[in-house]
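Paired with subunit B in one complex and with subunit C in the other, subunit A is shared by the two complexes that follow.
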Partner chain A sequence: MKNFIDLAYNKIGLPRLIITIFLLVFLIAAAVVDLSIPMLTGSLLVRVGMNAVLVLALIPAIKAGTGLNLALPLGIMCGLVGAVIAIEYKLAGATSFAVALAIAIPLAIIVGYLYGLVLNRIKGQEMIVGTYVGFSVVSGMCIFWLLAPFKNPEMVWAYGGTGLRNTILLHSSFDKILNNFLGFKIGEIEIPTGLLLFFGLLCFLVWLFGKTRTGNAMHVAGSNPRFALSCGINIDQMRILGTVLSTVLACIGILVYCQSYGFLQLYQGPLMMAFPAAAAILIGGASPKKAAISHVIIGTFLFQSLLVVAPPVINVLVEGSFSEVFRGIVSNGVILYALATRWEGGE
Partner chain B sequence: MIPEQKELKPSAKSPLTFIKRKLIEYAVPLLFLVLCIIGAYYARLQPAFLINEIIMRMARNPVLVLALIIPVVAGMGMNFAIVLGAMAGQIGLIIITHYEVTGIVGLSVAAFIAVPFAVLFGYLTGKLLNRAKGKEMITSMIFGFFAVYVWQLFFLVFVGSIIPMRNEKMILSTGVGVRNTVDLVGIRYALDDIIKIRDLPGINIPISTLIVVVLFCILITFFMKTKLGQDIRAVGQNMEIAAISGINVDKIRITAIILSTVLAAWGQIIWLQNIGTLNTYGSHVQVGLFAVAALLIGGASVAKANIWQVLLGTFLFHTLFIISPTAGRNLLGDAQIGEFFRVFVAYGVIAVALVLHAWQKHSAAKNK
Partner chain C sequence: MESNCLLKLDKICKSYYGNQVLKDVCLEIKKGEIHGLVGENGAGKSTLMNILFGMPVIQQTGGYEGDVLLEGNQVCFTCPSEAMGYGIGMVHQEFMLIPGFTVAENIKLNRERTKPNLVSRMLGKKMEIIDVQRNRHEARASLDRLGMSFDEMMPVGGLPVGYMQFIEVAREIDKENTKIVVFDEPTAVLTESEAEQFLDTARKLAADGMGVLFISHRLDEIVSLCDRITVLRDGEVVAVLNKGEASIQRIAELMVGRQINRMATREKTVQAGKPILEIRNLAVDMPGEKVKEFSLDLYEGEILGIGGLAGHGKIGIANGIMGMYPATGSLVKQDKSLPLGDTMRMLQENMAFVSEDRRGVGLLWEESIEHNIIIAAMQSQKKFLKRITPLLTIEDGAMIQEHTLKMIKDLDIRCVGPQQLVKRLSGGNQQKICIARAITLSPDILFVSEPTRGIDIGAKRIVLELLLQLNRDLGVTIVMTSSELAELRSVCDRIAIIYEGRLEGVLPPDAPDLDFGLMMAGEFEHKGADQA
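So, the complex of A and B:
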């Protein structure tokens, strides 16, 4: 028995183990209190799809050796700027989504490059610097949202004011554009086909990139800098590349998130978005030094299913809304665990 | 507090280089001084109002910023986990409000009750940070976030259900959970009002609170000269050398965090007796952010801080805080811009300071 636990601990890793046990407990409880399983499954699929790209965005940064990229809001801001511009020109449907991406991605490349330059000068402190770079960009962008000369009445405050609203509805632009693509129903379960396909496509691209020469060099630079040096790999350049890719994926990730959510959230909305993503990949078995796409999928799935199942179960036991509290404790607890142990990640 | 810096060699060749060096040293506070002056010009606040606000904030805020000094000297960076200290202080205040102990007695009892909680929280933080050497700041920050959620869980779910608490003024009508705001009318101004000068129109000077602030400044200065204080400094300069010279590094680091947490608890109590209402789920959340930003604006760095920087930083940061909404409205027609601006300043100054510090460390390591 002890051997088995040791094996499980080493192979699976404590975070994944605990979250899985948690999830099982809640699933049993959900069955006991008679929650609608098809409905939960449907919303789980949507939530996995909408959050997974943001989690995937962490992969290139970890591979390149810059750790958990807590400066995801940098990419998120680029994505939001793209979306806002697309809406300003009253684009609709797939065009609006494509235009938003087309504006956001070049922006993200520039921003990621600049941030990569910063990261190369602060090696070892990427997480705390990233957090505060993210925070300050989000709060600086608050001023931008307020002052930027947008005119579309769907986005500007109604009563003659200037400045964008806190939440912008997407029903006339790209609301559910991916979710509904080839979407179908199995019984009561709605399958967001396009969303999952899009995520799958991005995973494939990230995987493919890992197989290329450059991708391999980036991985070597991140996992074994000395060896990389002796191979003649420019480590700093690889770190910049990882940061750029991470930022680009984050900008795509927020657009995917928003189209599924149906709103853009501006101002303080994206402030804390990096932390649940970081928690998800850690739950999936990644460490700040080692990560794979499987960690993204497993982690997002476990974390989101916990978030889908736990709140309704808890609400049966006690009144009030605890989803936020629950998410906060789990995500910060997992990040703390990764920081305070020398955990190398599971398989 | 820190004696003359050694790198400031007396061989400054001309007064010009001396001035240049001083300018670089005080670049951050000077920049913010200029910002404050410009902001004050455009805000056009009543001078009496502005002075009164500044004095009030100089009384109620510095202890929370002082709480950051000891971990900085111990080489642990900015202790974002002073949030937990603030919580300990609030636990004290909630308990005395529940038992309706009022006045300066109530305040003292709250400060007394807060200590064991703060010591416990500080011990836990210290233990955690010892496991994350080199990553103390991010760890203390995440631990602060974590604690905020545990606090919510505790006071929304456990109080009233597991922990009996019956005071109707504080508990939600369902009988479980503490209300969003707790009126601290019993201890409001309990410290400020002991000695207060009200002679000038529109200006109140809470002498007693200011005395407490000065006392804490003196205490910390004095403390750093004791054996323990010197050990903390030795650990901060180089953990390995400190360990070789027989200092129990881990223990010293935990002690530094405990002291910081206790100070933060008292700082939060002093702050809340002036505010007068406890925002049960919000009062503590931004404590770390604002204290760290204030200290950095005062010219401190992640590795160096003294009481003068605490006082200067509190003054500049909170002046900016007072004037920025009105200045924003008068300059750009929207008070919200000013509010966003001050939040941006708080985050931005921390980001820049962290980048600069890590950069210096990185290039120093490279040059070796």
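So, the complex of A and C:
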């Protein structure tokens, strides 16, 4: 029995265990304070779907050996640029979403390639450099949002007439375009079918890529560079590839996120977006050196469900906005824990 | 006589995880004596020193048996500082000096003379002021004792390498109670004239009544310097020679001459035909195993051994050819010139490499057996792939599994299945996986480095048999690099010995022990002269 507990503990790992226990406690509390479970479930499904692609974006970088890609805002910026251009031309519905993607992805490839070149010069410090690259690019882009010659009155500041707004409504373009695709209801629970399907498709593509010769090479280059060298693999090239893929997934991820959210958030909005994603994949059992798609799914589910369930429960029990504090503690705490202790990764 | 004895190691036995590395080793150092300690790599010299200095690794692996007597009193050190407290000093191979400090500061480091002041009277000795003048004078005195004339106030950083060795010695003798100084390969980094000066220093110390334990691979130094010489081989003392009886030949023979119990035997010998690989002027920049110049022809179907002492560059050769470290020179395989440094090209030309660093280079520690075996062939030769649509090619799971199962069966890899992680396997089975990975490339030349390092004796035999079988049944030409000469002699057709990054000579496996010993010590060409 003791062996079994030890084994289970080792398999699950401390963060997953703590989060799961927290979640159970909150679920019980939610039932006690009489919150609507179907409503919670519906909003959980939406939140998992809208965040999962950003978490998935971390996978190629970890596989290629550049650690957690905390420079996700690079890809996010490409996605936002794609979106504002699509809105500027007053596109609507699926077209606007497709055009946003079509503009964002090539942009993300270029940006990812350049960032990959940078990462190859600072091997071993990717995560700290990534954090600051993320911060800098968000600040740098603030100037762009202000100065770029956009004209669509839906986006520019209502008074002065130049510069983009802080939040841009998507109701005329691609608001809920994926969520509502094939959407249906089970009882009171709304199922965002398109959103989940889209995420599933991306997971499948990432998985498929892992099965190719190049995918294998990237994985080897990340897990043991000396071994990769002895197999004749060009390690620097693989690191660049991993960075490009991660950036592209991030730009897709933010578009998926925004269509579900209903707004674009510019300026400081994306500043901290990399950290909840990193926390989610770590909770899922990944480490900065080893990650799998299962970690993305498990991690996003646990992390988001905690965020969905905890705030209403806490708000009932305690006064004031404790939920933001709680989110900060969980996401930053998990990142800190993983970086400090868990370089090995679970199974 | 008895009072003359400074240090006595009596019947020291030590084993690591059931593997006995020292057996009844006795060693005695008298006052004013220079005692030489020689032996091949792995003979047990470092373990013996670790015991003497109380290095933690000894306690962690279960301690040792036998007694260490210092001036007749039994001691058992549990940490190096304790050994130092008792007056045993060590001069290290790599320098432990602070570049930005002056010579005097380095010599007196952590033992500075201090002057009390007002604050220190209240807060204790840590607050005392360093007495620069007194430190300087004492350091000067120590340097003078060694016959060194350079300025004690110069920063160490800019000094030539040779001087640093002397500063290390000065630090040891500056300690008031130092009775025994251990020199671990002190002359390895020195030029010839510096080495000569250094040996004089050692003589001077002995004349002052200290005991000196001198460990070196340079047999000429040992012979000219030491009063007595202890020869270790496979963890046992095989001889203690007095000054008169020792000669380079004698020592070389004693060091190498083990009864070669043939672990695996070789039947056919190859006639020198056309070379399959011509190596010319190979130089490899591998840290710690630099190859300066190496030229050799490799013949089809042979097993070539590469031997030599650690640090002389034998490991660098295969690594350089396979592009693991920067290399220059020329390489011609079957009339085709190959560019050095291009690993992919080497693999595509059917050359494979089993690295000496199993954990760091040879294996994907966290991955499955099948992944480890097929990945090199998939990357370089595009095997194990299937096309599922015209644009998309992915790995062929069925084919991978089939091949892995075949390898597991053929090489008798003990595991629970192709999916098991290699970190869960024993050393011998991991080595088999490295070899399986190389075979999967269907090589015609296979470089194997240290194939039996860190695996038990039974597994060693199996690995060697496996190499012979590959050579016999598949006609693979094998280049095997090993620190274990006995192993090379039982398997190889020819053995090349490397000394200081150059080819010292090529010997048949049945050449006398003496010749191997001399070649590894770089003394082969002097052999004729000495005998005459």
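Remarks
Rule of thumb we're sticking to: the second predicted complex is superposed on the first by the 339 of 347 C-alpha atoms of A that agree within 3 Å, B and C clash if a C-alpha of one lies under 4 Å from a C-alpha of the other, contacts with A are read in each partner's own complex, and residues count from 1 in each chain.
Criterion: a contact is a pair of C-beta atoms (placed from the backbone, for glycine too) under 8 Å apart; a residue touches a chain by one contact, two chains touch by 3 or more.
On a predicted model such as this, the values are computed, not experimentally measured, just so you know.
Clash-free side-by-side placement of subunit B and subunit C is the outcome of superposition onto subunit A.
Superposing both complexes on chain A places the Cα centres of subunit B and subunit C at an angle of 70° as seen from the Cα centre of subunit A, in steps of 10.
Legend: residue contacts after superposition of the two complexes on their common chain; A:Ser223 is shown touching subunit C, with no touch to subunit B. Annotation for subunit A, partner touching more residues between subunit B and subunit C: B. Look at A:Ser294: by the touch rule set out above, it reaches neither subunit B nor subunit C. Contacts of A:Ser36 after superposition: neither subunit B nor subunit C is touched.
Here's the short version: in the overlay, subunit B gets within 7 Å of subunit C at its closest Cα pair.
On subunit C, the positions that touch subunit A within their shared complex are 322-324, 342-348, 353, 355, 357, 360-367, 375-376, 378-380, 382, 385, 392-395. Across the complex, subunit C is touched by residues 208, 211-213, 216-217, 220, 223-224, 226-227, 229-233, 290, 345 of subunit A. Residue ranges of subunit B in contact with subunit A, taken from their complex: 128, 131-132, 134-135, 137-139, 141-143, 145-146, 148-150, 152-153, 156-157, 161, 174, 176-177, 332, 334, 336-337, 340-341, 343-344, 346-348, 350-351, 354-355, 357-359, 361-363.
Those residues of subunit A that touch subunit B in the shared complex are 118, 121-125, 127-129, 131-133, 135-136, 138-140, 142-143, 146-147, 162-163, 275, 318-320, 322, 325, 328-329, 332-333, 335-336, 339-341.
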